[in-house]
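Here it is, the structure in full.
Every chain is named by a letter (A, B, C and D) in the order it is written, and numbering of its residues begins at 1.
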Amino acid sequence: MTSSDLFTPIFVPGAVQDAVSGDAWLRAMLDAEVALAAAEAAEGVIPADAAAAIAAARPDLEGLAVAARDSGNPVVPLVKALRAAAGEWVHHGATSQDILDSAAMLVARRALGPVLDELDGVVGECARLAREHRDTVMAGRTLLQQAQPVTFGLKAAGWLAGVAGARARLRMLRAELPAQLGGAAGTLSALGDRGPAVLERFASELGLVAPALPWHGDRRPVAELGAALAVAAGAVEKVALDVVLLAQTEVGEVAEASGGGRGGSSAMPHKRNPVGAVRARAAARSVRAAAGVLLEAMAGEHERAAGAWHSEWPALSDALAGTGGAAWSLHEALAGLTVDPERMRANMTDVMSGETTGAAGTFVDRALELE
Amino acid sequence: MTSSDLFTPIFVPGAVQDAVSGDAWLRAMLDAEVALAAAEAAEGVIPADAAAAIAAARPDLEGLAVAARDSGNPVVPLVKALRAAAGEWVHHGATSQDILDSAAMLVARRALGPVLDELDGVVGECARLAREHRDTVMAGRTLLQQAQPVTFGLKAAGWLAGVAGARARLRMLRAELPAQLGGAAGTLSALGDRGPAVLERFASELGLVAPALPWHGDRRPVAELGAALAVAAGAVEKVALDVVLLAQTEVGEVAEASGGGRGGSSAMPHKRNPVGAVRARAAARSVRAAAGVLLEAMAGEHERAAGAWHSEWPALSDALAGTGGAAWSLHEALAGLTVDPERMRANMTDVMSGETTGAAGTFVDRALELE
Amino acid sequence: MTSSDLFTPIFVPGAVQDAVSGDAWLRAMLDAEVALAAAEAAEGVIPADAAAAIAAARPDLEGLAVAARDSGNPVVPLVKALRAAAGEWVHHGATSQDILDSAAMLVARRALGPVLDELDGVVGECARLAREHRDTVMAGRTLLQQAQPVTFGLKAAGWLAGVAGARARLRMLRAELPAQLGGAAGTLSALGDRGPAVLERFASELGLVAPALPWHGDRRPVAELGAALAVAAGAVEKVALDVVLLAQTEVGEVAEASGGGRGGSSAMPHKRNPVGAVRARAAARSVRAAAGVLLEAMAGEHERAAGAWHSEWPALSDALAGTGGAAWSLHEALAGLTVDPERMRANMTDVMSGETTGAAGTFVDRALELE
Amino acid sequence: MTSSDLFTPIFVPGAVQDAVSGDAWLRAMLDAEVALAAAEAAEGVIPADAAAAIAAARPDLEGLAVAARDSGNPVVPLVKALRAAAGEWVHHGATSQDILDSAAMLVARRALGPVLDELDGVVGECARLAREHRDTVMAGRTLLQQAQPVTFGLKAAGWLAGVAGARARLRMLRAELPAQLGGAAGTLSALGDRGPAVLERFASELGLVAPALPWHGDRRPVAELGAALAVAAGAVEKVALDVVLLAQTEVGEVAEASGGGRGGSSAMPHKRNPVGAVRARAAARSVRAAAGVLLEAMAGEHERAAGAWHSEWPALSDALAGTGGAAWSLHEALAGLTVDPERMRANMTDVMSGETTGAAGTFVDRALELE
């Protein structure tokens, strides 16, 4: 058991954990090897029966992670195991980075499924709250001081706009995730004149985009994804912060669901902690840290970085897991949120009496179009 | 003199410094106030002659920065000075954040001009090198070990793809920069039923996009820009790292321009330091740090954050300046780069003899389409 | 299997993985509960046989991590399980944070054992190299240009000084790790007048320092540890970077051990990659990211932070694991390092002929005193 | 005017701005050159009258920053100007990094004066509040939910402990700041057998510690300072966050001083914003970012890093300025803080009735010993 076995389940839902698991990475690497063989067979670079054998192989991956220490990456022992099972045409003309980078894009595409599902959930709940509370007046607060009236619907509309906007960027990036295939140093020299054609087919087999040229030295596919995940986590974190603040004992305008021990404390049975929002905030912070690693990793040496590349694998997993986890916890918080319009009105200080909520309704309606 | 007066000119070109200067911010804030008045006059919210007076005013901004301590932002003393010069219709229905956020977008749009110019310069030089050295064979290096032959053209093509891709994202974001106008808490309540119409006109006056709803609590416009600048700086930094490595005494495959003291040392007159690439690497690091501040600032409290918002202003300036500076220094390095094809060939170890450069030429041609 | 099961073994040695594992955290939490009961029994706050029962209990912790979602921390289900096994005196007067913070300090103290062992290993190898190569002349390089002669001993001495200095700080912090006990809000009110005495005994039972007052809101114990780990990782990373650079094909002054597949490539059997240094660099980057999370977490709300606190647990584990991993990989790299004095001399350019190595030997001797 | 001229005065007090200004850096560099000459003259390495001429010189530093672009650091043009004024013995046997690193330590030592003054001010105010409110009962809040009673004195005592502890670390580091002198590559070869003796005297002249060996490649002096400043900023930020939360309209237990426009808004004259705490929070964030740059800069190439070193100069200035600024703004906030014990009591919910504040008083007394 690693520490992640204790803490990860608190912050990340099972579907997202699975999608970035070691098994998921291994499956993606095997998918990449199978797709490579299929593409090469289709282009006549390797025999068709070699590709069939590779597709049918069930290699023994026991002890692979420890064995990967000697090469510094898990593809070397994986190729060894796969060759033992399916012959020497395995991995023909490719390099470790081709398989691992393509696998990273597969893992990202697959993990973005449940991550986007949770973001959809958040957007849906924000929309519901915006609709239901389109005219629920409450204090607007700037620098945490009451300022002018707003509506809770407008607040939820602002949440919606932020999360939906971040979601749109992730969707766009997900549709652009490129396969990587360059061979030892990016020229595909082992594939003779079939290199570019194999690259096209390889990408197509994997359901990824074929890049104009190999991107072993151009880490934007990873870094832009990291940045977009950090933006999405930030949009989620903003909502979670507002929920925590509205749920304060002295404010009491919203409360997360309780019952069955949810939101409980080991010392204070009376407490009703905003535990979903709290978990979301913690998870979001891990995404920013991981995104920082990915951005730093852009500056890698020549045709393959000596360390920066290696730092991407766990960081990308963490960024996906943290974003999915933050969205999941917030989704849960919002779905069970009790809103107290009376308390909202009662909390408003006299200075706001007589003021209107202006264009709040118009803005709510516009935000709902972003759902 | 602040420390930035000593160090900033080393790392940032004058045009970019100017574009993020205090004067540029003040000009942008005044532009926002003038545009607000014009929009409000056009919608009949304030008298036309008030708008004219505001546009014609030349407020006394002496001591504004120190005066801003009491309110925590520079708009409060700016409005005071502008009202003294042009009357009480100044800033009608707006809040500090409307002006400062809109000014931030103006500063960004204006600063992205010279920043993108420098990125264009980098892309252009990469394209030139890719073209000129399409068939210049050199060692490909993975984990800093010689691997297989590549061409210098292919290396430059990879650089081109990275920087051009990051540039495309910045161009897209630049075209989407939104004006901000929400009034005290985001409802535009002081504008009666003219709020949304004023917002449209205000954005149009400023040449910015009118958002669906105010974004005082949705910091994506700032955070996404920060992230995109960090990606651009990372793409630049990768090239700079390669240049530094190729320029090593023991490699000697490229050299930056020297002469007139450029690349010199205080202790060793014989040295020919890759000073442009070195400066670019230093500048790029500051962008990642600033982007981290901007991403963290997404999680702000309610209708205006109590500190996170304030942290954005210098961080946005730093991110723009650092990206522009990194691109400028790299542009200079590449423009003066001496490439030594003989040394490239001589450095190749025997293990690579007989190997080809595969699809390198094809990939170069494809990358050139991204120029 | 989570992604950490695939990647962590590549970068972190087993002993360090174990020391920050979920099991290690659970053991530390149970140790804290047992120590609390023992301290309370000794002070007459709870019955002696209750403490004995708690010490003897073997609670069923199956499913604890998932159960922890409802409360947002693993102590709540752990206390429930422990109470089921040992009665209601379990956790008397304590709060979740008391147990988790004290457990964090225990985990840190225990994990720092193998982490410091690996740092000792690095320091020892640096000392050996400094001694053996006290007079081995090589090119000194500034901005990656040859500058003046140095000795390889002096380079290793500089490495030694950096790592030994960072180690000294970690040793100091390890000796100061404080227990945490404050009860629900930091007053120990449930312990009557025995609170401070129980705190003393509790710390003593755990082998931790008794703090002057509870530190639930003062996160220096965690943040300073994170910062010191980042400094240690940085000192290791500097050495790893130099090793990677010296091992370049064109420099060839050092090489890591090969054979048995070590340093091999999936595409290029001839390669001898500096895999230990590469792994060390990757691991070190993760530490900086984790330290950033810990520093950010200092700013927590009131008597227990709503998210910042929760972000500390995996980040602290990661910082410990990454530092231990970086040191371990570098230790391995240095222990197997082949040094080539002939190549060092041959690489020196003419400009350095006739120059001496000045006080290099004196500085080596001084550095060796830091071993 | 750079953007820092507009924003820096809002967040950083004049004394700290001055201490990290370009002028301060130039003065420190000149001090280092003068100290070097004095040390070399005392050891008979250069003529005594050369040292006197250097000490008396008033070089023309006009345009130095732009001239520094060609070399990538300001020492090269500074030495040129100083040689023009005082002859060729200037900078004898030294390299740019010796001067700039030693200047960095001087700037740090000098700037830590006003930074520590502001931290003293914060500690003093915390102690005053802890004393005055030793028995002022208020709600303790965990996860922003009321939990059990505490005292405001205990809260202030926790603040005190955090800031005083961070201050102690800064004081320790300030007393250990080392001079740097290694010559072109760290051997002091140009000084014959007088190198180590000159280093001792040089450090002594500057009031800095003489290191065992040059630290051009061991960046702990800079990185540890950055980390300690980030911890101090974090300790300040925690207090500022609590102040902002206590000052919320719905809580109202404290308020910052108002009057004369302080805490005012451009849109809402009734507001009383916690502007000092807000500014402190913003300033603290910049410190973490700068510390990240400094930690990353530890991994530099060989005898002088090609970019990492250059990134340290503005980052160190920013870390010092931000910490001083955060402490200054918080000091101001606490010095003018209105505390409302009646509101504290009135805010407490029924669930806390009958509970005591346990050992709060004891803990307050202990914390006061840290003042």
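Just a few scattered comments:
In the analysis below, a residue touches a chain if its C-beta (ideal position, glycine included) is under 8 Å from a C-beta of that chain, and two chains touch if they have at least 3 such contacts.
Keep in mind that this is a model prediction, so the values were computed, not measured.
More C-beta pairs touch across one of A-D and A-B than the other; that pair is A-B.
Among the remaining chains, the Cα-based centre furthest from that of chain A is the centre of D.
Here the spacing of chain A and chain B, counted between their Cα centres, is 26 Å.
Separating the centre of chain A from that of chain D, both taken as means of CA atoms, is a distance of 37 Å.
In chain C, 72, 95, 141-144, 147-148, 183-184, 240, 244-245, 265, 267-268, 273-275, 278, 281, 288, 292, 296, 306 are the positions where the chain touches two or more neighbouring chains simultaneously. Every residue of chain A that touches chain B in the complex is listed here, in rising order: 72, 95, 97, 140-144, 147-151, 154-155, 157-159, 161-162, 165-166, 169, 183-193, 195-196, 212-220, 223-224, 227-228, 230-231, 234-235, 237-238, 240-242, 245, 281, 284, 288, 291-292, 295-296, 298-306, 355-360, 362-364, 366-367, 369-370. Across the complex, chain D meets chain B through its residues 1-11, 17, 20-26, 64-66, 68-76, 79, 91, 94-96, 99, 183-184, 240, 244, 260-268, 273-275, 277-282, 285-286, 288-290, 292-293, 296-297, 306-311, 313-315, 317, 321. On chain B, the positions that touch chain C within their shared complex are 139, 141-148, 244-245, 247-251, 265, 267-268, 270-275, 278, 292, 296, 347, 349, 351.
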